[in-house]
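Here chain A shows up in two complexes: once beside chain B, once beside chain C.
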Partner chain A sequence: MGVASYDAIIVGAGHNGLTTGCYLAKAGLKTLIVEKNDWIGGAAVSRSLHDGWTYSNCSYVCSLLRREIVRDLELPRFGLQVIPYEGGATFTEDNDYFAYMSDHNALEREIARHSPRDVDAYARFSQTVMRQCRFIRPFLLRHAPDPTSLHPRDLGELAFLVKKAHGLGAKELGETIRFWTMSIGDFLDEHFESDLIKAHLAGSGIIGTGLGVYSPGTAYVLLHHYMGDVDGAIGAWGFARGGMGSISKALGMAFEEAGGEIRTGSGIDSFRVKDGKVVGVALENGDTFDAPIVASNMDIKRTFQRHVDPIHVPDDFTKAVNRFKIRGSSAKLNIALDRLPEFPAAPKDAPFLRGDLHCSTSLAELERGYDDWKDGRWSSEPYFDMLIPSQIDPTMAPPGKHMMTVFVQYAPYDLERGGVRSGQNWTDETRTALANCVYDKMEQAMPDIRQRIVHAEVRTPLDIENEVGLTEGNIFQGELTFDQLLFNRPVPGYSDYSTPVEGLFMVGSSSHPGGGVMAAPGANAAREILRRAGKGKSMPRFAA
Partner chain B sequence: MTDTYDAIVVGAGHNGLTAATVLARRGKRVCVVEKSGQAGGMARTVDYAEGARGPEIAHLLYNLSPKVAKDIALRVETRKLPTIAMSPDGKHVEMAGDTLRFADGTAHPEAEAYAALRKRLVKFARLLGQLSDAPPPSLAEGLAGLRDIGGLARLGLNVKRLGKQDMREFLRIILSNAYDLLLDDLADGPVAGALAADAVRGCWSGPRGPGSVFTLLYRLGQGGDVLLPMRGMGAFETAAKDAGVEMRTRSTVASVMVEQDQVRGVTLDDGTILQAAAVLSSLAAPLTMQLAGARHFDIEATRRLQRMRAKGTTAKLNLVLSATPDMPGLSDAQKAARLIVAPSATHVESAFNPVKYGEASAAPVLEAVLPSLSDPSLCKDGRQVISVIAQFVPHAPDGGWTAAQRDDLSKRIIQTLEVHMPGLQDLITHSTLLTPDDIETLTGAPGGHWHHGELSIDQLLTVRPVNGLSRYSFGVRGYYLCGASAHPGGDVTGSPGRNAALQLLAEGVLS
Partner chain C sequence: MTHEAVPIGLIPGPFHPRLEALSRAKGWMDWAGYMSPSVLDTAEFEYFAIRNQATLFDISPMHKYRITGPDALAMINRVVTRDVSRIGDGRVGYVMWCDEEGMLIDDGTLFRFSETDFRLCCQERMFLWLLDAAWGFDVTVTDESDAVAAVALQGPTAYSVLRDAGLDVGQMKPFDWHEVETDLWISRTGFTGDLGYEIWVPWDAALPLWDRLWAAGNHWGLRAIGFDALHIARIEAGFIAAGMDFQPVHAAMRLHRGRTPIELGFGRMVHFDKGHFNGRRALLKQRDGGQRYALVKIDLGGFKPAQDALIYHRKREVGHVTSGVWSPTTKRNIALAELKAPYGISRTDDLMAEIYVNQEGRWDRRLVSVTIQDKPFFINARARTTPPAAF
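Presenting the complex of A and B:
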C-alpha cells in the first residue's frame, strides 16, 4: 500500500490549525489535520472530567475570536453561540467589593462609592483604551510587514501602517507610542486613585505573561485582552455555549464539510524534509503522509526543537528559535460545585457575580505575585480570574449545581524546591499546595468555597504543556513582549508564517498577532499558504 | 534693580552651563542663576573632609557628547578606567573595551561571547547616539517636521546600512529587556551582573524590565568607555566662565516673568529682576512649568507634566579612608578601576524588588571608584576617597528617612563592599550618605532621579519630557527646557543643554 498523499497537512487541531484547515479545504486543497490527543481543540476544549460537569479546562472565555472569521466560516451554523457576560467584581478582605457593571450609570455610582474622582478617570481610561482598540483591530487580520524587506507587499503593509498612524495626528500618535510602551501599573496610576479599582483593571495586563504590572509593555497586554468583541461590542467577553470546545467543534465541522479529514490519537514524530523542502509528516504511531504543504499549529519551539532535524535549518534560525521566550506563568483550576457559593459581601443574586471575579486588591499585591514567580514560586497571594459560567450556560453542570473556572497568575513552570528549579517539582503534593493557596485567597470572596467543591482539576503549567502541547503551558505560545510582536514574531524575517523549510508554515499563536482564541494567526497563515500556492483569490481579504 | 541679558539660564548644572556656554560663545549675553553656592549640579567635586575631595554625585563620564565638548570648548583631562566585576568567589573579572579576562590575567571562558555581544551593542548604541545631538524627531506635520526628517532619515538609512541581519537584531532587541539579552549569550554570573547593573543604573527598573536594553545602549552611545575626569567635574564651569557667562550663585529664581505669552525674564527671591528675551531652565520639567506658572500651559500639558515619573532609586555613599583598602585578587592598578558589585543579573533583579514597595535592597548593587588612586590631587596625607553609587534605594520609604534607616543603609553598603575589601570599616574616617531624598534636596531633581524623569520608552524622544513639549521650547515663547528631563535624558552629556540652546537660536528668539 502506498503512502497516503494530501495537498496539505496540518499538525495540531487547535483552533488556529482548524482555521487554517477550513480555508485550505475551502480553496479545494485535499487537507489532513493530525492531532495527538483523542479529541480536537488544543486549548479550546470542553472536557467532561467529572460526571455531569463540563469544563472549559484551558481557555475559558471568548472575545478575541475574529468576527470576520466567524462569519466567513459560518460558525453559528455549526452550533457556535457566544453569550456575553456582563460585569465582574473584585472582593476585598473587609467584606466589600468593587463591581464592574455594563450599565453606565450603575458603574459610575459604583466607582464613585470608592472614589468620586475616579469617575472622570474611568471615562478617560476607557476612551483611551477604546481608541487604541480601534487603532489596532485592522492590523490583526493583516500581515506584519518586514521592515527590512523591499518586497512590494511588505512596503504596502508598511504604508498601511504609516497611513493609519499618520491618521491619528501628532498628539494622538504620541499618546499611542506611550500607551504601547508603558506598564499597566503606570498607566492606571496616571488615571486612578483607588487601589481597588486599579487592581481590578490591572489583571488584563498580566494574564498569561511573564511580566509584572509595573513591567513596561503590559498596557499592550491589556489591549490584547480588550481588542475583541462579542457581537460587535468591543471589549466585551462571553461564554461559548457548551464551553470553549464548541468553537473547536464548529471549526472541525466546517472543516469536514469543506472536505477536510481529521485524524486524532497520534501526534507527530517528525516533519519529513528533503532537499530543504517539506515532503510530509511521520507520526508517532508509524503512519507517514505525503504533502508539499505542511503547517504546524504547535509553537515554534516545539516545532523546531522536537520535530525538525536541525540540519534542515540555518544555525541563526535555530538560535533564534532557542531564544524565543515562552514562559509558563499560569495555572488553572476547574471546579465542580454542589451549589452556588455564598458571596456575603455582594447583594443577593447581584448580576456582576455572573462575570469575572477577583480577590487581588492592590497593584503592589499583584507585583509581589510577580516577584514570587521570578524566584520560581507560585504567588503567595495569587491573582485569579474566576468565573461561574453555569449561571449563564446551564449545559455546563447538572441542574442546581455549578461549574467554576479559575485562571491563576502566577505559577512557574520550573517550580523551585530546595534550591532546584524544575518542572519535575510539580507533584501531587505541590499541586495540592497550590490549590490550597488559591482556595485560601478565594475565601476572601466565598468563605464556604471549600465546602462547595465536589471535584477539582488542578492544572499546572507542566500539566498544560503535557496535555495540550503548549511549551511551558504558556497560553500565548510565546511572550507578548515587543521583541516578540509584529515583525519580530516568532522570529525576525519569518513573520510571514513561513520557515526556512520550504512548504512548512507556522499557523499557531507563536505567529503574528499572537495568542488568545483569536484564530487570526491561522487565517493569516492560510492566506499566505494559498497565495504561494497560486490560490490567493480563493480567500476573502477581510475589509480592514 | 534690573539687569538685562539676552538669555537667562536657571540652574548651573552641567546642562545649564552647557546651554549658557553655547549661547555665550555665539556672542549672547548670558547669566546663569544658581541657588547653591557652587555650580555643577549633580556633577560637582566637593570636600568629603578637610583635605580630601571627591565627586559629590556623578563620578564618571562615559557619555559625554563630543559635539558638546567641541561647541563649548570643554577642556577636561580624563583617564580611561577598566571595569572590574567583583565575584563572590574572589575570581574577579576585568572588562576593558571588548576584552574580558580574569583579574589575575587568565583567560575567561566567555571572552569571545562577551566581545561579540559588546561589539554588537556598541554598534547599535552608536546609531542611537546619533539621535542625541539633535532635537527628537517631530510627529507634527509641516515645515518643522520636514526639517528634522533629515535626522530621522539619516538614522533610518544607517539602520538599513547595518545589513538585513543586524537590522533585524536591532529592531528585535531595541525595546526588550537586558536580562534576556545578556543571558541569551552569557552565563548568569558577575559579567552578566555588571552589564545588567549598567543597564539599570539610575533607573526605576530591574534588568528584566522591558526597556532596559535601551538604557544599556544609552550608556554605550559614545562607545562605552568609562572615563574618570581628572581634578573633578569642574570643566563645565570653567568653560562657561571662559565664554563670558555671568554666574549668580546663591540666587534663587522665584518666578519666570511672562507677558503676552512671551518670556520677559526672571524675578529672584530677593526681588531682583533680570530681563531677557529667552529663559532656559535646567530644572526638571514639572518645576520648569511651575516657575512660569501652570496658567500658561494647557490643561493636558499640566496633567502630563505632573504625572511624569521620576522615582529615584540611587543613593550615594562617599567615604574618606585612612589608607588604600585591601582588595584580594586585584592588583594595585586594578584597585583604581570601576568596581561593580553585582554577582549576577538575577541578583540585580532581586535587588530591585524591594524598592517597588518603598524599601531598600538588603544586598545593594554597587558601582564604586577610588578616584584618588588615579588623581592624587584629590587627597592629602596618603588618604583615599571612595565614591559609591548604590542601588536600589527608595526615594521616600514609608514614614520618610530616619537616622536609623540611614545608618542601616550605610552599613549595608559598607558590608557589601567589605566582602571584597576586608578591613574597610576600620579605614573609614568620614562618611557621607546621600539618599535619593537628599539628592533631591541638594539638586532639585524630582525624586532624586538622575535623569530628572524615568528614562523609559514612554518618556523618551518625541514624548520626553511629555507628549507635545519635546522640542525644548516650553509652552511660552522664549522659554526653553534645557535639563535632563528633555531629550535625550540624563548623565553627564551636556546634550539637552546644547540642543536646547541651538533650538532657541534656530527658532529666532534672539534675532
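Presenting the complex of A and C:
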C-alpha cells in the first residue's frame, strides 16, 4: 500500500496551523493538517460541557487577531464575528470599585474619583503606551530581522527597524529600550499614585507570564496586550460570537474551501527525517504521510523534545530549545451561572460589568501572588481576569442565564505538595481547592457567586498541557520576554520560522511575534514557506 | 384672537420619553423636524447590537401616505417603476419613482393591505406629488406621517424578542406584513440586511409598544440605537440613502444632479412591460442608449474610511465615494461610489481611490485599490430563514 503524499503537512490544527494551512492551500499546495484531538482549534475552542452553555475553554477574548488576516482569508464569510466589549472594573474589599469606562469623559471622572492627579497621569500613560504600540505594530506581520545575517532581506528588515527606531529620536528611543526591559510595576509607579488604578492596569503586564509585576520585562507584556485592536480601536478587546472556537471554525472552513484536508483524532508520533530533510510524518495511530514541507503548530519544546529525533539537530539548537522559557503560570475556570450575580458596589446595569472584572487592589498584592507561584503554590489571593460574555453574546447561555470565564493567575504547573513539586499533584482535590480559593476572592465583587454556579470547569496548567498540548500549559507557547522576542524567538538564528531540519517549519506562537490569538506567526510562516517554494508572490504583503 | 406660535427647532417624536431616558451621549439630530438620536450611548456598541443582539430604532419620522380607493393599484402603478400588481396582499415591496426625465424623486417601501389600500413610506415629503399623480384616478391620498408611529426591531435575536413579547411572527417571510394584534402591524422589513421587523402602531400607542418590547428584550441583549449605528449597517447591506447616494431630484437646486434607477443599479426594479409609468420613455431611451453614471459597491484597500474620496482610473478622475465606512463585521473597507460611465460598467480595472487622513494636524493622502463588488457586503442566511432561529 502506498503512502499518501502531500505538498505540505501541518501538525496541529490550532489557529496558527490553520492560518498557515489556508495560505498554503490557497497557493495551490496540496495540504494536510493533522490534529490529535477530535476537534480543531487548539486553544481557540468553544465546547459545551454543560447542556445549554458554551464555554471558550482556553483563550477567551480576542483583539490581537490581525484584521489583515481576517479580511484576506474572508473569515466573516465563514461566520466569524468579533464583538468588542466595553470597559471593565476592579472591585475592592470595602465595597468600592475602579471602573474602566469606554467613554472618555466618564473615564476621566472615574479616575478623578480616586485621584485627581491621576487623570493627567492617565493621559501621559496612554500616550506613551500608544506611541510604543505604533512603533511595534508594523513588525507584527513582518519577518523579524536577524542582525547576524547578511541576507539582503534581513538587511532590508533591519534597515526598516533602524529607520523606524531612528525616527523616534534619541530621547524616545531611550524610553523605548527602557519600556521593553522594565517592569510594569515600575512603569505604573512612575505614572500613577492610586494603588487601585495601578492594580487595574497591571494585569495586562503579567497575564500568561511567569513573572511578577516588579519583574523586568513585564512592561512589554502589557504592550503585547495593548497592541491589538478591534476595528482600529487600539487596545480594545472583544469576544468572538459563539466563543473562540468560531475563529478556528472559520479558519477550518476557509482551509477546506481552498482545498485543504483536515484529519482529526490522531496526534503525531514523529516527524520523519532523512539526510537532514523532513520527508513526512508518522502518526500515533500508525498512519504515515509524505511531504517535502512539514510545519509544526506545536510549541518548539514539544516539537523538538518529543517528536524529532535529536540526532538530526545540532547540540546548540537542542540546548536553546531546552532553555526556552515556557512556564505555566495560569489556570482557567469556566462557569455556568443560573443568573447574573449581584455586584452590590456597582450601579444597576452598569455597562462596565460587561467588560473584564478583577479583584486585585494593589501591586503589592499582585507581587505576593507571584511569590506563592515561585514556591510552587497557587496564589492565596489570586489575580483574575473574569468576564461574562453572555451579557453581550446571546449564543453562549440560555436566556437569562450566563456564562463566566475566569482566567486565574498564578497557578504553577508543577504544584508543590509535601515538599515535592510535580504536575501529578494536580488532583480533583487540589483542583477544587484552587477553585474555592478563587471563589473566596470573587466574593469581594459578587457575594452570591457560589449560589449562582450551576457547573464549573477547572483547568490547571497540567490540564491545558494534556488537552491542548501547550508545554506546561503556557498560553503564549513561550514567555514574551525580551530574551525570547523578535530575532531571538523562538531561538537565536531561527526567527525565520525555519529549523535545522530542512523543510520543517515552526508556525505556532513560539515564533515571532508570539501568542495571543494573533494568527500572525501562522501567516508570517506561510509567507516564508511559500517564498522558499518559489511561490512568494501568491501571498499578499500586509501593509505596515 | 392670537395664535400660539409653532415650535421652533426640533420636536419630540412618539417614543421620545423613552429615548431621552436612555440617552447618555446626548446626540440628537433633525429627522423631518423630529428629535432623532444620532447616538444614545456609543455608536460602536449600538452597531454591534444590530449584528449580534437586537436593536430598537424609531422610524416614526418617515413620511407615510395612505392611498385608498378603487383605482389605488392603477394609480400607484402609474407612479412607481416596478409592477405593483405583482406585490400580493399582506406583502411589502421596495419601490422607486421618477419624474418625466426618469430621474429618481425618492425610493420607499410600499405596504399593500389590499388592491384598494396601500401605504407608502419614504424619506422625502411626497404629499403634493401623490396628489398630482392622483388626478384622474378614483383614489384618496392621506398623509399619515403624524398618525402612525413605527419602530424598527433589527438583529439576530429580533424574533426571540417578539416571541417573548407575545407577538407570533414565526411564519412571516421577508417582506410579509400582518396585523398581528388589533392596530398592531408587523412587517418583516428593515434597513440593516439582518433579521428584523418593523412594528407599526397608532401614534398614541407608541409608548406601551416600546415598554412591551423593552421588557421582552431583557434577555436578548436589546439596545436602543441611533442613526450612526444604522448608517454602518445599511452600507454593509448595500442599501442606498436619499441625500447621500442619490439626490432626490425634486430637492436638488443644481441642475443635472438627478440620477435614474438604472444609474443607481436598480434596473431590475424598472418594469417596462407593465404599461405606462412616470419616466418610462426616458428610462427606455437610457436602457437602449446607455447610462451616464453607475452607482457601484466597492471594496477599498487599507483601513481608512473612504467617505467622499475621489476615484481615479489611472490619472483620470472618474467618480467619488457617496457613502464609505470601515465594516466592523466583514472587516473590509467598503463604500458605495458613483462612477461616470463607462467606468463601473465596462471598465472596472485599474481604479484607485484617493483618501485623505488627518494625522494630528497634517493631512496624509492615501491611494488605495478599488474593487467593484456585485453582491451586498453583509449577507447572512439568518436574515431570510423562516421560522427564524433564536439568535
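Keep this in mind: the second predicted complex is superposed on the first by the 544 of 544 C-alpha atoms of A that agree within 3 Å, B and C clash if a C-alpha of one lies under 4 Å from a C-alpha of the other, contacts with A are read in each partner's own complex, and residues count from 1 in each chain.
Everything below uses one rule, namely that a contact is a pair of C-beta atoms (placed from the backbone, for glycine too) under 8 Å apart; a residue touches a chain by one contact, two chains touch by 3 or more.
Note that the structure is predicted; figures quoted are calculated from it, not measured.
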{"item": "Joint occupancy of chain A by chain B and chain C, clash or fit", "value": "fit"}
{"item": "First (chain B), second (chain C), both or neither touched by A:84", "value": "second"}
{"item": "Which superposed partner A:147 touches (first chain B, second chain C, both, neither)", "value": "first"}
{"item": "Contacts of A:119 with chain B and chain C, given as first, second, both or neither", "value": "neither"}
{"item": "More chain A residues in contact [chain B versus chain C]", "value": "B"}
{"item": "Touching partner for A:345 - first (chain B), second (chain C), both, neither", "value": "neither"}
{"item": "Geometry of the superposed three-chain model: angle at chain A (Cα centres of chain B and chain C, steps of 10 degrees)", "value": "130"}
{"item": "Touching partner for A:492 - first (chain B), second (chain C), both, neither", "value": "first"}
{"item": "First (chain B), second (chain C), both or neither touched by A:374", "value": "first"}
{"item": "CA minimum distance (chain B, chain C), superposed complexes, angstrom", "value": "22"}
{"item": "Chain A to chain B touching residues, read off their complex", "value": "147-148, 170-171, 173-175, 177-179, 181-182, 186, 190, 211, 214-217, 316, 323, 325, 364, 367-368, 371, 374-375, 481-483, 487-488, 492-493"}
{"item": "Residues of chain C touching chain A in the complex", "value": "24-25, 41-42, 44-45, 48, 51-53, 156-157, 160, 164, 218-221, 301-303, 326, 328-332, 390-391"}
{"item": "Of all residues in chain B, those that touch chain A in their complex", "value": "138-141, 160, 164-165, 167-169, 171-177, 180, 184, 205, 208-211, 307, 309, 349-350, 353, 356-357, 456-459, 462-463, 467-468"}
{"item": "Of chain A, residues touching chain C in the complex", "value": "67, 70-71, 75-77, 81-84, 86, 102-103, 230-233, 241, 351, 391-395, 399-400, 543"}
